[in-house]
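For reference, chains read A, B, C, D and E in written order, and residue numbers begin at 1 within each chain.
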Amino acid sequence: MSELATSRTIDRSKMEVSDEIAIDINAMNKWYGSFHVLRDINLTVNQGERIVIAGPSGSGKSTLIRCLNALEEHQQGKITVDGTVLSNDLKNIDKIRREVGMVFQHFNLFPHLTILENLTLAPIWVRKTPKKEAEETAMHFLEKVKIPEQAGKYPGQLSGGQQQRVAIARSLCMKPRIMLFDEPTSALDPEMIKEVLDTMIELAEEGMTMLCVTHEMGFARQVANRVIFMDAGQIVEQNEPEEFFNNPQSERTKLFLSQILGH
Amino acid sequence: MSDISFVRTEMLPEQDPPASEVGALGWAKHNLFSGAMNSALTVFSILAIYYVLAALLPWAWSPTWNATSLAGCREILHDLGREGHFSGACWGVINDRWVQLFMGFYPPEHYWRPIAAFILLGVALSPVLFSDQVPAKLIWFTGLYPFLMPWLLWGGSIWVPLMVLAGFVIAYAAYRFILDKMSELIALIAAVIVAVVWWLFLMGPIAEFVFNIIPIGMEAVGSRKFGGMMLSLTIGVVAIGFSLPIGVVLALGRQSDLLIVKALCVGFIEFIRGVPLITLLFVASTLLNIFMPPGTNFDIIMRVIIMATLFASAYMAEVIRGGLAALPTGQYEGADSLGLNYWQAQRLIIMPQALKISIPGIVSTFIGLFKDTTLVSVIGLLDPLGLSNGIRANAEWNGVVWEIYGFIALMFFVFCFSMSRYSMYLERKLQTGHR
Amino acid sequence: MTTLSDPPQESFRLSQLIYDTRYRSMTIQIIALIGFLLLLGWLFGNTAQNLADLGKEPSFRFLSEPAGYDINQRLLEYNSQDTHLRAAFVGLLNTLVVALLGCITATILGVAIGVLRLSSNWVVSKLMMIYVETFRNVPVLLWIVFVMAIMIETMPAPRAFKGENPASEMMLNDSVAVTNRGVYVPEPLFTNTLGDVHLFGAASMRFDVSLDLLALMLVLGASLWGASWFRKRADKIQELTGDRPKTWHVRLGLIVVPTAVLLYVLGFHLGYPELKGFNFKGGTHFRNSLIALWLALSLYTAAFIAEIVRAGIMAIDHGQSEAAAALGLRPNRTMKLVILPQALRVIVPPMISNYLNLTKNSSLAIAVGYMDLTGTLMGITLNQTGRELETVLLTMLIYLAISLSISAVMNMYNNRVKMVER
Amino acid sequence: AGTLDDVKARGTLNCGVTTGLVGFAAPDANGEWAGFDVSICRAVAAAVLGDSKAVEFVPTTGKTRFTALASGEIDMLARNTTWTFSRDVDLKFEFTGVNYYDGQGFMVPKDLGVSSAKELDGATVCIQTGTTTELNLADFFRANNISYEPVPIETNAEAQQQYLAGACDVYTTDASGLAATRATFDDPAGHVLLPEIISKEPLGPLVRHGDHEWGDVVRWTLNALVSAEELGVTSANIAEVSAGSNNPEINRLLGSEGTLGEMMGLDADWAKSAIMAGGNYGEIFSSNIGEETPVGLARGLNAQWTNGGLLYSPPFR
Amino acid sequence: MSELATSRTIDRSKMEVSDEIAIDINAMNKWYGSFHVLRDINLTVNQGERIVIAGPSGSGKSTLIRCLNALEEHQQGKITVDGTVLSNDLKNIDKIRREVGMVFQHFNLFPHLTILENLTLAPIWVRKTPKKEAEETAMHFLEKVKIPEQAGKYPGQLSGGQQQRVAIARSLCMKPRIMLFDEPTSALDPEMIKEVLDTMIELAEEGMTMLCVTHEMGFARQVANRVIFMDAGQIVEQNEPEEFFNNPQSERTKLFLSQILGH
């Protein structure tokens, strides 16, 4: 794992954390059939926080963040996102999904639409933005992720890193207040990882609330203000990045860190 | 910001999920009643199932197995106090005729022959289908089976299939002989000509001559005695068997860059695939004899097999073309760079791989053809469906409908369903198999 | 090695025919062509010889002779004194009708079943699996006779509608009768009819076009065009403001009102079927043979289409619908905007071959007495005239033409869809 | 070589029959064919080969029967086929006689209350296709200027099914077929045959045009069966009669006098074998379709000329 | 690109170049449709020469060596291989293919045959060697490429490097006098590249005539006695390796070398 993911200097000054609560998870439990994937999760995320979630494979990281925008259902406990309680009520789910953007490991761009169409689809159909306006926003975000010239192409014609940046731009077009990332760089080649991490750092600098499942520890150090370590469906340890990496408390965390930073 | 550091000192044990998530209840909740729409669908489906079963089961539950005529059935049901059109099935007809529906008019004392033929078919196919479980030597048997099967089914002198086989040997010998002197193209053409001459003109008299000296053979059974399921299977198996080599040639022709050859192959394939099978069967029953030299006379089953073979070849060609297309060009180049010529490359490198990829497609073609053999009833052959007419033309069983149709449908279902499952299994195996 | 002397300016040698790659392919092709021509010549020779022996000369004159038989199911006016050619034409139209109807219902059914098979509802998905397996693994001919038998045996005969206390009653306010001879529904009639135009005079291909129908189609076409213009306007508004105006009532009005006015002007009324004598009179009669064939072909083909649809949808990565959901798209929008456009590309090509199969299978009409092309030209005409060669070949050619045109049209569509995706 | 030599060389007779028609031809559970047409085939086989079992029965449909015969696939066709001009002349066949004088009739359920075919205006009529019936039917209704709705059906079994379920009001085919079909009904009395017989349907065996030797064999075998009935020769008394009788015609027929068999290229006792195969015409009739059988046909036109029927065999002389 | 491909000392003494001409290409031109891929190629290769061909992608390197064993047809000019003129005559083509071995980028082993069967196939069917003898030769070459123990396996069960070595052994079994390599290592992971290059060096040491398209410049330096640089279908420069790398003449060569050795 690359220790230092990016070479640019990072401006931590803008990354302020407000007191407003963005996400509140209270005694949440989830089962797949009879398998207990998430156990008694309690977590509060403030507006503007950048949280990195790490942990061994199968520890429930993806499941956790997928619960936050109702891609998975939880069975016990209460999740409040941006003041809205996540229940079975479709209206609430719609509302939350509009506030929360998500980026997947495998990009999940729509291959039959051009990049521009990928970006404007949801604004037009969900937010009811005029097409023109949606396209302007889209181009704005494409410029932000540094590929405005690809607007007319199809996803299949782009490299992995470019595709992932388009995926980030697609989420941003919905103007979300919170962004979830599920291992956004793990399907990419080393050169491309950098492009994507740069984009994410920029986002962090602008004060976006972010929950990010990743094993890019360099990114965690530079950007996160909290690192959460999960194992066996539970939050085992959380701390500020410096503390977390230099002075892990639990045995499991130590073991995990030694493995991941070992080579 | 509050202190965010947190360390869990004691791991939480796994807990059982809430009662509504597991067990029958949880299962039902997730699989049957998740949402109003789903619940409605569930109720509706269960009602539909109930309705069908309520109509079907009482009818099917009918102790008429031993009745010897429709009137007998009616009497039995009458005694049970069941009256009316749908009071109960008349299973007596199945009891009386099931053997016939399977074997047609094949002489009962020879039933072992078709049974053996179809069991041996399984053995012959096993090196292809279960290549990892049976000894590779068995492939020899696979090669011999095409000669063994007709002999078992039709009987007659053993020398006929042996002489047909000899044709291949002679052709091969001619090929090798000429190859030493001339190009492989000439050798190939010569071999084909030698084989054709042998089969058309020499083989018959020689086989007869040898038979007169060494009379080994089985009692001949004419194809008119074939009927029922056995007829369907015979047409299906023989047609698929013969269509395989023809299909390979057509597929190669269609892939080739020789324009005329390609045009001929495409024309044939598209023509056959563009017309309904039934028109081809009409050609078999009314025209084929007109196309043959005056005086030739195959019986109708042979003619049907010929047309079914042509029909299957066109479909087979498309299946094999798919297999060929799936091979990377590197395989051709590898063969070329080693100095293998076209036919060697095809035989040793390309076909073994392409055919293996095509097996699931071949099995589906077979299923399709096997189902389509029911069409021969339209031109008067007594396949199961044709036999059902014959059976209903007997005074005892005149008026029976559902029992026979149901039984025939069941027979086809069992055959086709098991084959389609098998081909699915093969497909999975091919996907995960090495490479 | 010493210097290479220039190769002698080679003249053509015979062995080049075989060894030289340039001539070799020629040689093979010419041999193939000669072989093919020989085969063809042999077949022609045999045929001519055999026909001469039988004293028959190939001739299509019989086509212009009176057919002598009646056809119950016909779109054109026809009687037993019309020619064999016209009978064949009537049969051809019947083939096309059942094929068209079959393709439409098979698609609707197949898509529904394919989607339901993917349902999370256990009972429903298993039920659909049973449906698919049952229908695909039993020969279609058996299904045709089966459905026909069910129609005949379980529906009431017209007689059952007779008497003081009829055993059966007409449905929908006495307007529809479901009998074992088929279904009778009200027919549209016009008091102020515009009459018919007769095309092709007295030729065998002649047919009448109802001007009423023509006028209706024109008006309907215009209305549809108007409606689609309206929809396009809605698209534009959505593009501009983001909000999509509700247009369905305007569009519905645009379609319904002009048509209704025209119907009123023409004096539209329904002719109800009525039991008179042996049969229901009036109304439109869908014969049991047509229904049985249509149903059986649809049900059978639907099983295959369902599998195609299922495979098509499953070929779309699950991530696609998750991404759409994460963007806040509702499931039906996801289906329409994301899943279907992708699935269609996978689905269409095998669908074409199933339409072709359905069309070819419609030739089994013979089993239920539906007078299609096989039943007329290759059936009674063949039997009455004894012209096997001519009738069978003609029938094959017609089917071939149908097949080729279906695949041509569908391939065109296919190419268009492909273009969009680079 | 002629068909006769072919048959002798082959040792079996290939005889075309229907795929199944009650009383006329149907296979039983053992695959043995039986019926009125089948018996003719057996008689010819017995006459030519001395063995009534030496027959291959080739089931044919209305459409395939003529090609099968023309192409030589079958040696003779005994499949309730109507002797018509065009079949004899245009299709190049030779009818060797009539084994059943039939006519196309109508059957209706009794409760329909119809007593004449002329009252059938607007009725739905089931017809078996591939026969002359559809032409007769079209002619009849056109001549009487009434309308009808034809329902063409491939096989008798299906026609019967449709008729019984009421999917058609009337079933029309040869009267013999109607009677045979009615006989197997649950309630035969509930159906009536209408008085109109709208056509002449002389049914008989046929062979290919031009092979007169073979035509003679089939023709005279049929005649032998008819004559035998006229002369009182039955399968029961034939052993006794063939030893010699006072009637010279019987003697000629059975081969104890004269060389009739030899003239045809058959054994002297050809007719004896033919009669022993299934009895004389009368016996064949009564055991397959006669009044004691489920089919229950009366002799009617098919009685001997001496009994007011049309059966009249030329003399054996 | 690794500068030094192999660490073993290379014995250049045995790599003698004879005077005999192995390949002679004279004014050869080739078109794909109307696209002129190879332009006026003149090249003479002596018996025992080791030639490396380099050049940017699409410059026609593969096409050139594929012409040498008639995998592609050339339209103008004369190619003489081992004394045989490459014409349309099938006999000549057969003869040349028997003298020339070829190794591809993607190995092109036959996946349905075992390694041993892959190796004996051509000797048995083309050279008509008795099976026993063919197998002995095959085992000999398998030992040479250091994987005799894999003889019974199928290609799919081997690593990429092993597969490529099998491919080399397969060519050698036909006892060719000339070997053509088309980027034999470019589909391999770094560790495997070494195995394959070692095998090729050994071959060179035995005096095999070799034409090798490769970007392994370390290999070129150590083994080649001539490097040919192609661009746009033409031979732009050819020289001894030392000269070629240290003192390139043409601008294009310089540019290419700076790119390929740059990082």
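Simple rule for what comes next: contacts are C-beta pairs under 8 Å (C-beta built on N, C-alpha and C of every residue); 3 or more make two chains touch, one makes a residue touch a chain.
On a predicted model such as this, the values are computed, not experimentally measured, just so you know.
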item	value
Chains touching both subunit C and subunit D, listed by label	B
Most remote chain, CA-based centroid, reference being subunit D	A
Middle chain, criterion being Cα centroid separation	B
Most heavily contacting chain pair (counted by C-beta pairs in contact)	B-C
Distance-maximising chain from subunit C - centres being C-alpha averages	E
Angle of the C-alpha superposing rotation, subunit A to subunit E, to the nearest 5 degrees	160
Distance between chain centroids, defined by C-alpha means - subunit C, subunit E (Å)	58
Where subunit A and subunit C are represented by their mean Cα positions, the distance between them in whole Å	51
Centre-of-Cα separation between subunit D and subunit A, whole angstrom	88
Multi-chain contact sites of subunit A, meaning residues that touch two or more partners	none
Subunit D, residues touching no fewer than two other chains	63, 67, 154, 161
Per-residue multi-chain contacts in subunit C, two or more chains	18-19, 24, 145, 149, 153, 366-367, 382, 388
Complete list of chain pairs which touch one another	A-B, A-C, B-C, B-D, B-E, C-D, C-E
List of subunit E residues in touch with subunit B within their complex	69, 71, 90, 94, 97-98, 100-102, 104, 106-112, 121-122, 125-126, 154-157, 170-171, 174
Contacting residues of subunit C [partner subunit E, same complex]	1, 4, 7, 16, 18-22, 24
Residues on subunit C engaged by subunit A in the complex (per definition of touch)	238-244, 317, 319-320, 322-330, 333, 337-338, 341-342, 345, 420-422
Contact footprint of subunit D on subunit B as seen in their complex	74, 96-97, 99-100, 104-105, 108, 222, 224-225, 227, 282, 285-286, 289-290, 295, 297, 299-300, 378-382, 386-387, 389-395, 398-399, 401
Of all residues in subunit B, those that touch subunit C in their complex	30-32, 34, 38, 41-42, 45-46, 48-49, 85, 182-183, 185-186, 189, 257-261, 264, 270-271, 273-279, 282-283, 286-287, 289-294, 367, 371-375, 377-378, 385, 401-402, 405, 408-409, 412-413, 416-417, 420
